[in-house]
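The same subunit A turns up in both complexes below, where it pairs with subunit B and then with subunit C.
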Partner chain A sequence: MMTLSSRPLSPPAGFSADWSMGRRLVLTGGVAAFWGFSQKMAAAEIRIDITRGQPQPLPVAVSTFFGATPEEAQVGADMARVVTADLERSGLFRPLDPRAFIQTPAALKAAPPRFPDWRQINAQALVHGNGEGQRDGRVKVEFRLWDVFVDQQMAGSVFTTPASNWRRVAHVIADAIYKRVTGEDGYFDTRVVYVSERGPQQRRLKRLAIMDQDGANHKFLTTDERFLVLTPRFSPTSQEITYLSYVNNRPRVYVMDVDTARQEVVGDFPGITFAPRFSPDGNRVVLSLSEDGDTRIYVMDLRTKAFSRLTSSTAIDTSPCFAPDGRQIVFNSDRGGSQQLYVMEANGADVRRISFGAGKYATPVWSPRGDLIAFTKITEGKFYIGVMRPDGSGERLLTESFLVEGPTWAPNGRVIMYFRQERTNERGQGGRTRLYSIDLTGDNEREINTPEDASDPAWSPLIP
Partner chain B sequence: MNRMQRAALGSGAFHVAVFALAIWGVPTLFDPPPIEDTPLIIEVLPIAEITNAPKATAPTPEPPKPEPPKPEPPPPAPTPPPPPRAEAPPPPPEPLKVEAPPAPPLPPPPEPPKVVAALPPPKVEAPVPPKAEPPPSPAPRPQAAKPPPMPTPRPVRKEAPKLDIDQVLKDLTKRKPNEPAPAPQQQAAVAPRAAANAPSNPNLALSMSDIDMIRQQITSNWNPPIGAKDAQNMIVAVSVAISRDGTVADVRIEDEARAARDDVFRVFAESARRAVLRSSPLRLPPGKEERLSSDRLQIVFNPKELLGMR
Partner chain C sequence: MRSKVLSLIALGLLLAACQTAPQQGGAAGGAGAAVQPAAPPTSAAPATTLNAPAPGSRGDFELIGDRVLFDFDKSDLRPEYRARIERWADWLKRYPNVRLTIEGHCDERGTREYNIALGDRRANAAKRYLVSLGIDTNRVTTISYGKERPAVVGSNESAWQQNRRGQAVVN
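Right after this comes the complex of A and B.
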């Protein structure tokens, strides 16, 4: 990928970057102790508990990035647009209409924000920045994020990058804003690989495609539509994917570098291999191997090519997925009669069932932050995407449809993407299939634009 | 005879004594013990989750007290240090050097930077009408061509953010079809403003409804980041000083050390602080202004209930 250098930007004179810094310098030793003590005494007098709130998107003002020349101004406007769209799409921000802004981008460049102007339009956070061409053809972009209620800078950075890289810089800035405001890592500087489909339902042509998480920079990774491709999965550590392809009617697991499009087969096995997925360190692939009527889970080291079996039941064990710490694997199996989710140690020991609801469970995917497992659930003729804790508790169903399947997590473990297929009519027409994303809370479900039908999304890690 | 005399006298004296005792003595003997002045203990319980402040009992129509203007912190250093020359660096004191390696331009991206000579206003959805008057735009904003259409995913169900108070995390299994989503609880916070100079006693105890009145105002301004990991453990206490007119003079996060090392906690702490600042000026229960402004308040924000984890 393209290079991107950045460094933090300290606040202008007279502003503290962080509210916790200044005071600590003043309060040292006994003074601090006494102050803390007297605070406690005083605070104990009247206590008010707030146990409810109004969760809602944060109103944020994203000012157009200032540029001195028309070219720079254009890039500044484009970047602000991408930042705004990222924040808005996350569902956690409510960008305000720039037509209401009082202070201009030029004024913001020349002087610190006039906070009352921003409070007046009900902004709670303010983002502004500027871009400047360099002699070597690159651009220097800086941005600042301000807390409008306490008049303090919350974040700021300078980036130096090739001019053509502005879109990525905008995503990186949006990630910085997201992280500072929500406390969680962002996910805007990421890509999604998926299976692009066209043609009649009975004879679908499928290609691998990749795009930025906002749908930009779309391109196809495989071109030969004669070979069916299925289940692409991103490496958690690099810009590599693993997927299943039927070449000459033989299904095999491949690994591909998405930047160079170089691909190779992951071992050659006697049976049919499928449902591959990387380990958290990116060095191994866990997959299913079907042989003599039984389907079992294997793990393979990509460097040594060592191959070892993890399950040995006479049932169908499939869809394995590592926990982010690499210690456990979740998978689904029909060993108990119906298809349910199971968790085992990474070496195959201590298998225990975690799903006990009505219906069948499939395609479990462990959240990158470790706290949840997303899955597809099929019950009473409907498909659901849901989440549960790794011990099987706290099951919540987020969305339902005639067919929804294949959840994949944003690298911050906050957003889930999946695909939804509409019903076909009696002549086999229809069946529109698209990608959707939804927030972990179950809100903010959105369709992702793709040129053709789309299924089986896989979200990349943050681009290094 | 002598003996009889003595006996009669004794008997007479005894009778007199008995009568005297009966008339004057007994009432005092059997006086009920004085009632001790024991304090009556009355437990004050919250009346309801939503109680409005006591109707303003100050009928004295004061001359319309000059409404304290929105507390606007001192304007940020009006015009920063002399804006340097024409094409000078931005306000930050430290010069923005192009640091950074002229990194090897790797496989150059296909598209060259767009160079268009116009500055279109970025198109943003969700227009929020500015407050009443149109913003006095100091500089004419360039109105230019529409920004190029961008392949932004279109929202599917652009539902207003859920304000489901009891449980913000959606679960389809818990919401039966046809059941309307819980209506957002609107705060009917229109309590009349207390006359600020009503008799106010610093020793007056606060009732539950007094506390509740303040609680409600802050609750409606608290926007907790509920989807964060371990949100249920993010209990934030802030110490707040308010003045008699309800203006928030100062908010301090009590556990600053944790906020400095724990990103998620910091975000919760900031949301708590923002809730208090957004509530300024607070409407104070009439007569309790002195009490409330004489001490710092400790306000504890706990998202557990919001997350359905009581």
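Right after this comes the complex of A and C.
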């Protein structure tokens, strides 16, 4: 990836900064509206608590970033749009209409914010910045986040980066704002790999594709549509994916570097290998191998090529996924008669069932935070995406449909992406298949724009 | 005589299906004349001469019924399909140089990865019975497509039943 250097930006003379992560930008509707109160009571802060139900979105003004030349001004406007869209999509912010803004980008560049101007339009937070070309061809981008009610800078940074990198900088800025306000890491500077689909259901054409989390920079990673590709998953440590490909009609697990598109088969076995996922250190892939009708879980060390079997039942053991600490693996198995979720130690020992609700459970995916497992549930003819704790308690269903499947976590463990497929009629119409995201709270469900139908999403870690 | 008539009908269907691109999966559960238009006979005579497929060819095999169907989330062979696999075995004994691939398929009502495993189980259930009837295990390979290659479109019970199948293809 392109280099991106940054350092904190001190507030202008005469203003205080609040860098401490313990303090959050105040403000939910009711309290902040109480005007004199918030002016001087900087200590009485209320954070956006994203672990609760849908919070009141924070009214934020994102001013166009100032640029002195027409080119710089254009990039500044584009960056503000990307930041605004990220914050809006999170469901936690309510960006205000820039047409209502009184203070101009140029005025914000020249002097500190005129806070009454921003309070007048009911902004509670203000984001502004500027970009400037450097002699070496790179650009310097500054941004600041202000709490409009206590006249205090809450965050600020300077980035120096190649000009072509402006979109990433905008996502990094949105992540900084998200983190400052919620106390949680953001997830905007990330990518999503998925399967792009088209054609009739009987002869569906599938390609791997990758895009930024907001749908920008879309590109196809595979072009040969003769062979199916399925279930891509990101490495937690590098820009690599592992997936299933039917190259030459031999279903095998592959690893690909998404920047170079170089791919490599992960071992070659007499049976079918599928359902791959990286270990948290990125050095191993856990997968299923089907032989003579039995499907067991194996782990392959990508460096030593050592291959070891973790389960030995004559059942279907599949969809394995490591815990983020690497010590346990969750998977689904029909060893008890129906598809349920099981957890075992990373060496295959101590298998115990964790799902006991009505219906079948599949595709368990451990949260990057370790606290929850997302899954697909099938019961009474419907599909659900849900979460439960690793001990099986606290099951919550987030969304339901004719067919939803394949949850993947944002790296901060607060948002889940999955795909939804609609019914097909007997003439082959319908079957629309699209990616969606939803907050862990079950709120803020959104369709992700893709050029074609889309399935099997996998969220990247934050880009290093 | 009857089989010849069936062959002609099947070939007619085959030609018709070739002209109209998206097709249904053929008479998978029915009279045994399963037609798979996507896979024409490997050594078929020119279409104008209405000859039956060459003996031992892919088209010839399809005439005896090229697929067996399964219950939802099951891989046990139903009794009525045991008879079909016995026909496969007889046919393979008649053409000892021919090899089969048995494809395991599922309906859309399961998750992708589980269905790949279930399809593998179905393909192997068919293969095991074929081998038990005296067919050399090396003549039969298996592959699973999970829910990726339905024979029939439609989100309804009838389509799902047609799609839960083990489908044998002459290599």
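A few points about this structure:
FYI, the second predicted complex is superposed on the first by the 428 of 464 C-alpha atoms of A that agree within 3 Å, B and C clash if a C-alpha of one lies under 4 Å from a C-alpha of the other, contacts with A are read in each partner's own complex, and residues count from 1 in each chain.
To be clear about the criterion, a contact is a pair of C-beta atoms (placed from the backbone, for glycine too) under 8 Å apart; a residue touches a chain by one contact, two chains touch by 3 or more.
None of the values given here were measured: they were computed from a predicted structure.
Three-chain overlay on subunit A, with subunit B and subunit C fitting side by side and no clash.
In the superposed pair of complexes, A:Asn332 makes contact with subunit C only, with no contact to subunit B. Counting the residues of subunit A that each partner touches, subunit B and subunit C differ, and the larger count belongs to B.
When the two structures are aligned on the shared chain, A:Gln201 is found in touch with subunit C, with no touch to subunit B.
Of the two partner chains, neither subunit B nor subunit C is touched by A:Ser401.
Applying the stated contact rule after C-alpha superposition, one finds that A:Asp78 touches subunit B and leaves subunit C untouched.
In the superposition on chain A, A:Ser313 makes contact with neither subunit B nor subunit C. Judged by the touch definition given at the top, the superposed model places A:Gly91 against subunit B, while subunit C stays out of reach.
Shared-chain residue A:Phe115: touches subunit B; no touch with subunit C. Looking at the shared chain after the overlay, A:Gly430 reaches subunit C, while subunit B stays out of its contact range. Note on the superposed arrangement: subunit B and subunit C approach each other to a least C-alpha distance of 20 Å. Residues common to the contacts of subunit A with subunit B and with subunit C across the two structures: none. Interface residues of subunit C, counted against subunit A in their complex, comprise 22, 25, 38, 75, 108-114, 116-118, 120-121, 123-125, 128, 143-145, 148-156, 159.
Residues of subunit A that touch subunit C in their complex: 200-204, 228, 230-231, 244, 249, 251, 271-272, 274-275, 288, 290, 292-295, 316, 318-319, 332, 334, 339, 362-363, 376, 378, 381, 402-403, 405-406, 421, 423-428, 430-431, 456. Those residues of subunit B lying in contact with subunit A across their complex are 70, 72-73, 75-77, 79-81, 83, 87, 90-94, 96, 98-109, 111-131, 135-139, 141, 147, 150-157, 159, 161-163, 165, 168-173, 206, 211, 214-215, 218-230, 237, 239, 252-254, 256, 259-260, 263-268, 270, 272-275, 277-278, 292, 295-306.
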